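Just so it is clear, A, B, C and D label the chains in written order, and each chain counts residues from 1 on its own.
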Amino acid sequence: MLLNQYNKTRKYTESLCSPLNIEDYIPQAVDFTSPPKWHLAHTTWFFEEMILTKFVADYAVFDRHFGFLFNSYYQTVGEKALRAQRGIMTRPTVEQVYQYRHYVDGHIQRLLSDDISEEIQALIILGINHEQQHQELLLTDLKYTLSLNPTHPVYHPDFDLVSQPLVRTEEKQWLSFSEGVYEIGYKDSGFCFDNELGRHKVYLQNFQIATSLVTNAEYIEFIESGGYSTFQYWLDDGWAWLCNNQINSPLYWQYLDGQWYYYTLAGLKLVEPDAIISHVSYYEANAFATWKKMRLATEFEWEIAATQFNWGQRWEWTSSAYLPYPGFAISEGAVGEYNGKFMVNQMVLRGASVATSENHSRASYRNFFQPQCQWQFSGIRLVK
Amino acid sequence: MLLNQYNKTRKYTESLCSPLNIEDYIPQAVDFTSPPKWHLAHTTWFFEEMILTKFVADYAVFDRHFGFLFNSYYQTVGEKALRAQRGIMTRPTVEQVYQYRHYVDGHIQRLLSDDISEEIQALIILGINHEQQHQELLLTDLKYTLSLNPTHPVYHPDFDLVSQPLVRTEEKQWLSFSEGVYEIGYKDSGFCFDNELGRHKVYLQNFQIATSLVTNAEYIEFIESGGYSTFQYWLDDGWAWLCNNQINSPLYWQYLDGQWYYYTLAGLKLVEPDAIISHVSYYEANAFATWKKMRLATEFEWEIAATQFNWGQRWEWTSSAYLPYPGFAISEGAVGEYNGKFMVNQMVLRGASVATSENHSRASYRNFFQPQCQWQFSGIRLVK
Amino acid sequence: MLLNQYNKTRKYTESLCSPLNIEDYIPQAVDFTSPPKWHLAHTTWFFEEMILTKFVADYAVFDRHFGFLFNSYYQTVGEKALRAQRGIMTRPTVEQVYQYRHYVDGHIQRLLSDDISEEIQALIILGINHEQQHQELLLTDLKYTLSLNPTHPVYHPDFDLVSQPLVRTEEKQWLSFSEGVYEIGYKDSGFCFDNELGRHKVYLQNFQIATSLVTNAEYIEFIESGGYSTFQYWLDDGWAWLCNNQINSPLYWQYLDGQWYYYTLAGLKLVEPDAIISHVSYYEANAFATWKKMRLATEFEWEIAATQFNWGQRWEWTSSAYLPYPGFAISEGAVGEYNGKFMVNQMVLRGASVATSENHSRASYRNFFQPQCQWQFSGIRLVK
Amino acid sequence: MLLNQYNKTRKYTESLCSPLNIEDYIPQAVDFTSPPKWHLAHTTWFFEEMILTKFVADYAVFDRHFGFLFNSYYQTVGEKALRAQRGIMTRPTVEQVYQYRHYVDGHIQRLLSDDISEEIQALIILGINHEQQHQELLLTDLKYTLSLNPTHPVYHPDFDLVSQPLVRTEEKQWLSFSEGVYEIGYKDSGFCFDNELGRHKVYLQNFQIATSLVTNAEYIEFIESGGYSTFQYWLDDGWAWLCNNQINSPLYWQYLDGQWYYYTLAGLKLVEPDAIISHVSYYEANAFATWKKMRLATEFEWEIAATQFNWGQRWEWTSSAYLPYPGFAISEGAVGEYNGKFMVNQMVLRGASVATSENHSRASYRNFFQPQCQWQFSGIRLVK
């Protein structure tokens, strides 16, 4: 069953690349994105480095340079290529990277055909979850790169991840919760990341949370009422970000001939009023809520309420900074670099998005990004 | 009595400047510091702009340019001079700024000799607290500027704010607290800032907190054990900060001929092992705690425990991001720009420091700075 | 015959790309380099924009986006894609760019099969020379990109443009010239660039010029004698460049296990002592000459002496700033943007290099780059 | 007589500072300007370092820190304070700097009352000329700093160095020169800088040069005809400079209520149409000339023609890059750092300005600045 899961995940990553030309695998548009080729190789390197080289006797690495080229932030593991130069590495070729994937797949499959220790099992599950995270990044990074091309390239005509299913049909409703002690954190027995662990009590005040997310129409109202030119709605850092980068709409939006368009993976489209807003930063989400005289949920409120509304179409910015849960401790070794070291200057997002791989989220999942990030499929849920 | 408080505060600010030459009033060393002249004028402008021009009929402003020159972040109030150019403004002269102070003092004193509304009273108290904050900044900014002078200028020979009284005599002890619901936030009837209001319940887990702060000797142990070259102890952003700025000690420390010295307002001094560490960033405080296999307190743990230990010599970094309390709302008008808009990307510090003006702190006081800031008198208290 | 020249030039560009993988066509390593795909398309766009759309009735452009994507500095011609984003444009594909080339080739060939006006003829000759310039840039830019790959990719095993034929066999000799009036500038009837025109008299002083270029061995002597750490040899801007970029050797050199290696288009190689130095900036060439107590030639000295020595293996830095000849005037229209607008902050190089296309230089040819540029095949000839 | 000259020069520097408040002595507005206090001290340090410490037995330096603080680019002499931090040094005080001046004056005066060697004499003359250069910089730097103050401070009401005497009364005339060999370089026996030496022949083509400089009225015509928005008039680097810095007029100009004003050392004034243009960069001078379908003079044309027109009110941008004359060699020791190391990336200006000290220029004098510099009193003379 783990073998199935492994195979399915690995194949899905490759299927995401099937609409690509070789050219599309190469560029890195900005420091915070990575090329498809890098995602394909890096997720493979994770299995090679964390499992095969450690637990398979006489395992021969596919290519001794790959550890250097496709290592990411894992400083424990040794030197790595400069993050900003991932788009410059034309060699190995895309074909060689696929060979690398299949080489590692063969070894992992062989490993999984035997009995394996719990430690290895846990690492393979971690590798699968790691790869699923990169599946989403592969799409969001690709969208960012293609969006800079003035010809508005189409990744796949059926792949309009912004306005997808997302039409809001019912009226927005408010769910009420009473103050008191609640429990937070992962409680089941399956896989979760270390940052969800340490189930613990928190005290929440009374709050009401919306059952549905903010739509484009609501957000356009904010824009048209001068939302981007009224500093009172904005955090100080947000206002500086907006001024320095001349932000006046969500990412990918363009105002042409009196109408709002946005770039999607299916090309340039008219903004649909009833679709859910996407590609807003925390600064924008917070400013929108302030304009509405409401606020965003804390990550704890969100987790408690999540059983009572639908979620999964947008990562939802919370008003919680990304901080360790009580008792959190960084694991030893490279695996420990996974989450803990990012616990400053980032905000928590909860939920999942249309780009998140199937079964790759849960109510206790803690995603996190810097408050200026817009390139994820991120939306807004209001609390009052 | 408010008159007394007003006069005392205003005089104390000027007394802080009495050891200065005119030259010292001018420079702005970096964007985040301000010249003494600016502090003297800006605190005065606060009284003029928020009170005299609003509540005193026929009040004539001292100089129409000063609103532009000495306004700070108060975007509501109109245009302002560029923050980075405060050190370039040689006019008005220092003498004219003192005349400005005395002109405004005269008007406020006249106002206070009559019955005044509660609104005005509240604003004067806010102005006094505002000026007290700037008294501390005046000292920390001045120290920063003077420290860049290779001649190690002495501000005042008796004014060694680092090693002052601070010798730790008793052994470090640990206070234990049990998990449960606690109440947080300002509860008395005197003045407090808006960010302390909204007293509310929080749920804390068991914790033990040290009765005393980390000393220089303990910190030197961290340095000597390779603390600044071991990335595992550091948050990712902290490691980048350390590498980009070649940080290898607290601010103002210099290693000369085999010994650690630090610049103090009384000149360059040998680091005293038993004095309490100062001028560390959040990144350093956090790395030190990680190295010790402990952690920093949350601001809530700190507030609950604070009745049982001495504090007031160092601002103490907490592990809490600066976020609004439940129910926090930004006030209308310029006064509302005071606190709320900084609630992102900063960490809370609790306590007070040797540079904090008398009576200008309380257990519920929430100070806040970016995690890389070192120029405040900031220290470390451990929790386990 | 013009048709032959056209076809030969166009084919040669494509032959330079024959060792490339599709991946290699894409990246732009830094702002001053361009991807192979861009060179292929831009040189084609030049023929389409300057000739076909102007002189061929009913000519249908291949793709209306290409004018935007592959325009370079020609501000007259309209908007253009950001120079720094050439490496991000994955569409059109490489294959489409080749189709573009062949489409334009067909039209130009048809045009050349008829009688054509002198104006068109001149523009086609200009287009050929323009493409020849880009052939050299294609190689130098590609070398720059591949050099950043830690695997030292081989472009072509026989294509070691650095140590090629270049062994110096005869002893260095000195040619003497007497002071007097000399004539400078292009004097024949074939093609030349506008910046070579305006043949005019200059007065030269006595000088002696070396018959051969500086070798690696001589340059290593400079390095080993502390050349890169002695500020007296350097121009002030050169010293700042060296300090800010931590330069301590020519571009592509690496010191490994006690020996100097350099990256070449045939892979990493040991530096051959007798090969001619390459990839030095003007700052380095000037510092080397100063260390030798000699100097570089002016471009006028070079042009006068050039008939009496061999040249063509390295672009030779001169001590002349790139300035207009007497009577120089910028042509009307886009063609006028070619040379004149760069006449500030650049130094003249004379000669040609191993990467220069056949027949694409002459003694009056004025190449020019910023003094910090190292990525051309640039060398040093001494004068005393 | 040398003593007289010395005393006169030293006193004149101090007289330039007599309208200043102590506050005005301190700030450094940008990296390329220096505070008055620094100019006062640095010129003094030159005499102390180059003469007193070398030639006066038992000379005791005034303060051992001053060599570090007031050294400039003289890397030979040892470490120096960071150039960008000159405005932060509040100690020594202004008064101490004056004491330093008088201490050094006493020693130099004593030295000059005896017979001194030619070497010392030459160094004192160099020191006087060095100080005269700094007198002009003191004024231009001060103007730059004061101009940033929104209150438009008045340095001295009679000190309007822009519109001063400068009204153009006669019609512009053109002087013609015939092609041929001319001699260039300093030819008399008095003091000159090393960069003027090496009198040598040059060959000039026919040219006509204007007898008078371009006026504000003429320049306003350029502005109003779209000069700042037409890229064809501009060098490529100039256009980038203009776009990046949003330049649309000479430095210090402001367009208020339909009229052009400029900041002068006598305060904000209406631009006088008949006054000579000032504070233009080379890029602007070159663009203006291009718009006029003329050009700037080369420094050689200027030197030959200078006997036949009035000059001395503006530094006149030439089209010559700052390069060494034939036979130029950098002197040994610190004095050699004076000129030669700046011979790249700068353009020559000839003449003198209203801010140049009396007797501190001659027809062979070569001033030089980067092409974007506007803060000198620089103007435009046309050639056709």
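The definition used in the following text is that a residue touches a chain if its C-beta (ideal position, glycine included) is under 8 Å from a C-beta of that chain, and two chains touch if they have at least 3 such contacts.
Please read these numbers as outputs of a predicted model, since none were measured by experiment.
Novice: So which chain is the furthest away from subunit C, centre to centre on CA atoms?
Specialist: It is B whose centre lies farthest from that of subunit C.
Novice: When the centre of a chain is set as the mean of its C-alpha atoms, what distance in Å lies between subunit B and subunit C?
Specialist: 57
Novice: Once you find the CA centre of subunit B and the CA centre of subunit D, what distance in Å lies between them?
Specialist: That gives a centre separation of 44 Å.
Novice: Mark out which residues of subunit A touch at least two other chains, giving numbers and ranges.
Specialist: none
Novice: Taking chains as nodes and touches as edges, what kind of graph is this: line, ring, star, complete or other?
Specialist: Graph shape, chains as nodes and touching pairs as edges: a ring.
Novice: For subunit C, which residues count as touching subunit D in their complex?
Specialist: Residues in contact with subunit D: 73, 75-76, 179, 181, 200-203, 205, 231-232, 234-239, 282-283, 286, 290, 319-321, 323-324, 326-327, 330, 336, 341-345, 347, 371.
Novice: Can you list the residues on subunit B that touch subunit D in the complex?
Specialist: It is residues 21-27, 29, 37, 65, 68-69, 81, 85, 87-94, 145-146, 148-151, 153 of subunit B that touch subunit D.
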